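Letters A, B, C and D mark the chains as written, and numbering starts fresh at 1 in each.
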Amino acid sequence: MAKKIRIGLIGGGEGSFIGGIHYRAAMLDGYYELVCGAFSSDPEKSKRSAGVYHVDPQRAYPGWKEMFEKEAAMPEDKRMQAVIIATPNYLHYPQAIRALENGIHVICDKPMTISLEEAEALAGKVKETGLVFALTHTYTGYAMVKEARQIIKSGKIGNIRKIVVEYPQGWLSTPVEETDNKQAGWRSNPEFNGPGGCLGDIGVHAANLAEYISGLTIESLCADINSFVSGRELDDDANVLLRLRGGARAILYASQISAGEENPLKIRVYGEKGGIEWQQHEPSTLMLRMLDQPAQVLRAGQNYEYLSDIARWNLRLPAGHPEGFIEAFANIYRNAATDILRYMGTEAEGTEFAEYPTVYDGVKGMQFIEKVIESAQSSNKWIPFD
Amino acid sequence: MAKKIRIGLIGGGEGSFIGGIHYRAAMLDGYYELVCGAFSSDPEKSKRSAGVYHVDPQRAYPGWKEMFEKEAAMPEDKRMQAVIIATPNYLHYPQAIRALENGIHVICDKPMTISLEEAEALAGKVKETGLVFALTHTYTGYAMVKEARQIIKSGKIGNIRKIVVEYPQGWLSTPVEETDNKQAGWRSNPEFNGPGGCLGDIGVHAANLAEYISGLTIESLCADINSFVSGRELDDDANVLLRLRGGARAILYASQISAGEENPLKIRVYGEKGGIEWQQHEPSTLMLRMLDQPAQVLRAGQNYEYLSDIARWNLRLPAGHPEGFIEAFANIYRNAATDILRYMGTEAEGTEFAEYPTVYDGVKGMQFIEKVIESAQSSNKWIPFD
Amino acid sequence: MAKKIRIGLIGGGEGSFIGGIHYRAAMLDGYYELVCGAFSSDPEKSKRSAGVYHVDPQRAYPGWKEMFEKEAAMPEDKRMQAVIIATPNYLHYPQAIRALENGIHVICDKPMTISLEEAEALAGKVKETGLVFALTHTYTGYAMVKEARQIIKSGKIGNIRKIVVEYPQGWLSTPVEETDNKQAGWRSNPEFNGPGGCLGDIGVHAANLAEYISGLTIESLCADINSFVSGRELDDDANVLLRLRGGARAILYASQISAGEENPLKIRVYGEKGGIEWQQHEPSTLMLRMLDQPAQVLRAGQNYEYLSDIARWNLRLPAGHPEGFIEAFANIYRNAATDILRYMGTEAEGTEFAEYPTVYDGVKGMQFIEKVIESAQSSNKWIPFD
Amino acid sequence: MAKKIRIGLIGGGEGSFIGGIHYRAAMLDGYYELVCGAFSSDPEKSKRSAGVYHVDPQRAYPGWKEMFEKEAAMPEDKRMQAVIIATPNYLHYPQAIRALENGIHVICDKPMTISLEEAEALAGKVKETGLVFALTHTYTGYAMVKEARQIIKSGKIGNIRKIVVEYPQGWLSTPVEETDNKQAGWRSNPEFNGPGGCLGDIGVHAANLAEYISGLTIESLCADINSFVSGRELDDDANVLLRLRGGARAILYASQISAGEENPLKIRVYGEKGGIEWQQHEPSTLMLRMLDQPAQVLRAGQNYEYLSDIARWNLRLPAGHPEGFIEAFANIYRNAATDILRYMGTEAEGTEFAEYPTVYDGVKGMQFIEKVIESAQSSNKWIPFD
């Protein structure tokens, strides 16, 4: 894996939170080299960001369309091969489509688009091109989340009966979108953000995590969504009952008015013989509780032979050396890289573990948002999924 | 408070879990003396239990009806003044009514009755007699639960927006009612148990805790209840969305098939300015999280002047000396005792803190069970409360 | 076990912390009936306490000598059979000796005496009389501490290499003995308290816990003790390196100037194959960590068949229902009761588990205090134990 | 900060644990570009590692001496400007000296050398050249450790009375050095490792952390060190009492036979008015406990204005997004980078926070090791520091 994948970045200009994360996640394991960017819709700002991202100022473009154009014109051994899309949601779709049309692999932030329709169209395009499309559902990048999935897959805890997945945050407890908080700003505008407020921002993470870990899919749901802060157009709190195919039931909630909470995304899955529990604030720990036995504390650690191969592949350190959010994010980059490299004809180590969220997870996410909103507006109790 | 209240016990015979708890809770602080009992419906067993409970074998009666009769015939300074009802649910109503008719104060296990109708009739009788009726909703007996209530009452965390109360247990993950587990046995039979399975056993605790801490009441609910273990007649899992009067929303769940869980009843309440969190597995700790401030760890301790007077009154020990379930249970006994003593003309210390669950909490509990079941059977989304 | 043991209490008058604990611990399980007391050295106060402890005012004596005298003169079926000694340390010896001389069983607070000499003399007297003498080293009363001992005894974690036992408290961070804090008052006076400050108050608990759990004994030690608060005569902080017979090493520390700490007595024991960890703030949990395996969370619960019989005997509740400090204390009372009953000719249930700290633990405690002080004053590195 | 610092790596070849960490830490924030390496003492292996580290194979040198030679001959705008030393301890000194002589900045693993003498000579050389020398005492790179230091510096918890710093690991519980574990291999040989076993590997981290957070220095110490695994030449367990200048006392222990422990380095510092606690397994949390107040949970988060500027500078993410070991490591790289850039004439952002462990920390570490060993061999109780 000597050659690095040449990648460009759209978004991530001054005041961006997620840009720096994408950058670090891409850098961490050495698979990528950032060669260009359209860091801001403001050409001046975009230029200034070249320094921040150690990019040749000539390749800090004033706009994303120009970036695709100019890069396409560069010699094949110089031009970008992949692109990071870290822009407000409404831009994901046009940018991703353009990248794919130019033969460029995509690593895209979530939620994938601002409508299910867009999401399905994008999935069609990905299929058509055969290019790699990774969606940064960070949380399934954690090694111990992958371990949880393996445990459930193995049948160890038996058929699943119940899932509780919760994602409480408190940062929108006040109308921060009315301050100059850039994050809160565009997220509060349905035009830029899409229809789901906390649904789109974090609800889709919760749904994705539940389906990923359990291997189950949603059959129908019943939701109550709210907008607690006065003047806020989009939901800031969502409570959902779910029925999963095969008979399991679930509770999912996402909230951004849970005052005092940081980011403790948490999931519990209960089967006939045992249960598992994982929480993002302590991501290196996975609890496994078998009926009438002492609970077991499974811990991240490359050295732990009791972990599955895939979990260990997604770790970099021995036990007791915490890996965090950036490392989980980087796992998506790393696993996508092995697929990109394979596409390019280079077989990289770890291809058998090259698992990461794709355009199909993005489609599901958009479907989830739309169904929850439909349910919230309906007096029917259960809204079926197709 | 020199004189002890003479109390009798119905139930608690061999194999009983709750009998020993009632006994210890009554003994702990010295307010009560156990003078008689109808420990089992089997006269032989009842007699044998006299030793266990250190009761004069003459006053270990073969049945509860006989107990009330014989005790009524005893000299006034000897006969029972209060009774503990620790029997299967269907017996609570007739036993409590009889006690009240005989002028005897009642400490009754929950759920209070097997129907809302019975519950309301009982409430009428309590009101009529003016006697003390305490319902052992243990969890509101914890000092830090009382502290949580005080904090919310004080307005510190602002108007409440959201409550999440969860009560997962795993002990009914298998059909234990088909073994000789006495606890599971009668609970699985609607005739003896009433209509709510895990709803009646633990769901009412969760609802009671939420209303107690928040001071809010339920406006409507939407429920999904399940019976996962094949052959089980009653619910073993209940997931409920709630709307509370004044605009707050809540999620409540109770489950006895959450494999691997013990008894981690937990509540989180989020207001406009902060949130609180309490969990029964670590009952001496109450988390208080104000927006943008370090979370505060409020701890039980008679010596902590930052706690409210009522919380400190309900503690016996300095910080770092854990008080547990029996102490919480005993707080109900202790606080009811001050009311019983007052009724008898003795002013005891702490009467201003004499707060404990009453017959009205019992009525609410039965209403909760009936509404959840109604919702579960309905295709209407929201079932209103009166 | 129908008959209750008639017990008296010395100490526990107004402002006492430990009196109420002894009382509740004695009451909890119904083995004892409090029949008399010398609650205070002030006859008026002693009288007033009769009400608090529900004792016949005639038997609330003005002094402990009078109590022994008057009780001895009472009819055999009325007089006290056992005594609780909950007085300042310097009184333990004369009171215990007198009790034993009168044929009365003793439950005594720790540290046992104010000198090793006294302790040895007392041990001689106990042996001579054959009466029951229990010392309230509370922490070894916890069920999960007993479980830890069983695990180590079984060889599961292999030969022990290292122990770390720590007991940090913060309540003496300021000169509280100069306020009217009664607890701190006599404890600061060597004449009443004996030579060890925090050593006597909590250091002996730490040493007792380490020896109890590990089954090992101290060979030599090296200590640094301090008195941080100006004007304080006795130690308020002690740090000790220990060598145990058989080759294990240990660190023990006790401190009452560890600002902000409550009472988190904690022990870790490491063997060749695994380690265990227990902490008093969460007494229902025992961590077991075997090499290269997921850690196991052993939990208190009468229903857990994976626990040893002795641990389960010392529990009253199913898993998830916390038992705390009073329950641990009560285990000493309960286990001593089975021995007292046996002495009286009644075989009680659980005699095979009748394990509790005795006069020999008291002797060891006094030896520990004296050796630590000797070491602190010596320039020799290691002070041997006999 | 557009230009990246060109850095080389010595060590990190196949089977290395620390090489990959240095690499990722250097890559994470984009300050460095890895341009060359002498990855192994085996020329073949070194060559093979070029791919792993994305380095031009021409610049993957067969040995470190050759690397320095060849790089010095390269054009100024191509050649290495800094070097990472990630080799067995005995090589640190000659490699660092050579780098400094060539005008190359050094980022060196710890312990710094294999003797105090070497350490002092190296400090002299650093001073003489004025070049940047950073020592990777990772743990002081954590933002919340820096916060702890700021709190103590501010006087918030008052004068320090006591420190407890502990570093238990279990990975050397068995003779892994006799297997093909490369990490354990050279560490067990005093010639390659230096005189301190677990002392050098982790003891110096504990000592460094205590001095860094408290701002205090060691006055004298008293140590007991052990080698529990038979056949092991160096210490695998060290227990130390410390007296600090100004009157504070401390306990420090480091152990690699604490079976079942991963890497829970932990420190508690107690002052006159409060205490702080930090543990590496949960590095985003810092407990602050002021006397008689609820404990405060200080949490990592760029958004938390209650944190000091330096703590926030050393964070990359908002609260609830865990940063781990690599991020702490990268903080050393990042802060050293601002000094290297300043040396080169480029003012980078954050120079006012450019704090990281230097050659003087390395000198102290070697002194600590030597004094502990001296104490362990002495019958004198206290071994003074100069």
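As a convention for this text, contacts are C-beta pairs under 8 Å (C-beta built on N, C-alpha and C of every residue); 3 or more make two chains touch, one makes a residue touch a chain.
Just so we're clear, the structure is a prediction, and the values are computed from it rather than from any experiment.
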### Task
Identify the chain pair with more contacting C-beta pairs: A-C or B-C.
B-C
### Task
Name the chain whose C-alpha centroid is farthest from the C-alpha centroid of subunit B.
D
### CA centroid of subunit B to CA centroid of subunit C, Å
34
### Query
At what distance in angstrom does the C-alpha mean of subunit B lie from that of subunit A?
43
### Distance between chain centroids, defined by C-alpha means - subunit A, subunit C (Å)
55
#### Entry: subunit C: positions in contact with at least two other chains
261, 288, 295, 299
### Query
In their complex, what parts of subunit C are in touch with subunit B?
1-4, 17, 20-21, 23-24, 27-30, 50-54, 57, 169, 171, 261-264, 280-284, 299, 301, 303, 316-327
### Query
For subunit A, which residues are in contact with subunit C within the complex?
288, 292-299, 304-306
### Query
Inside the complex, what are the residues of subunit D that reach subunit C?
157-158, 161-162, 164, 166, 168, 170, 173-174, 222, 224, 226, 228, 237, 239, 241, 243, 249, 251, 253, 255, 257-261, 268, 270-275, 288-291, 295, 378-382
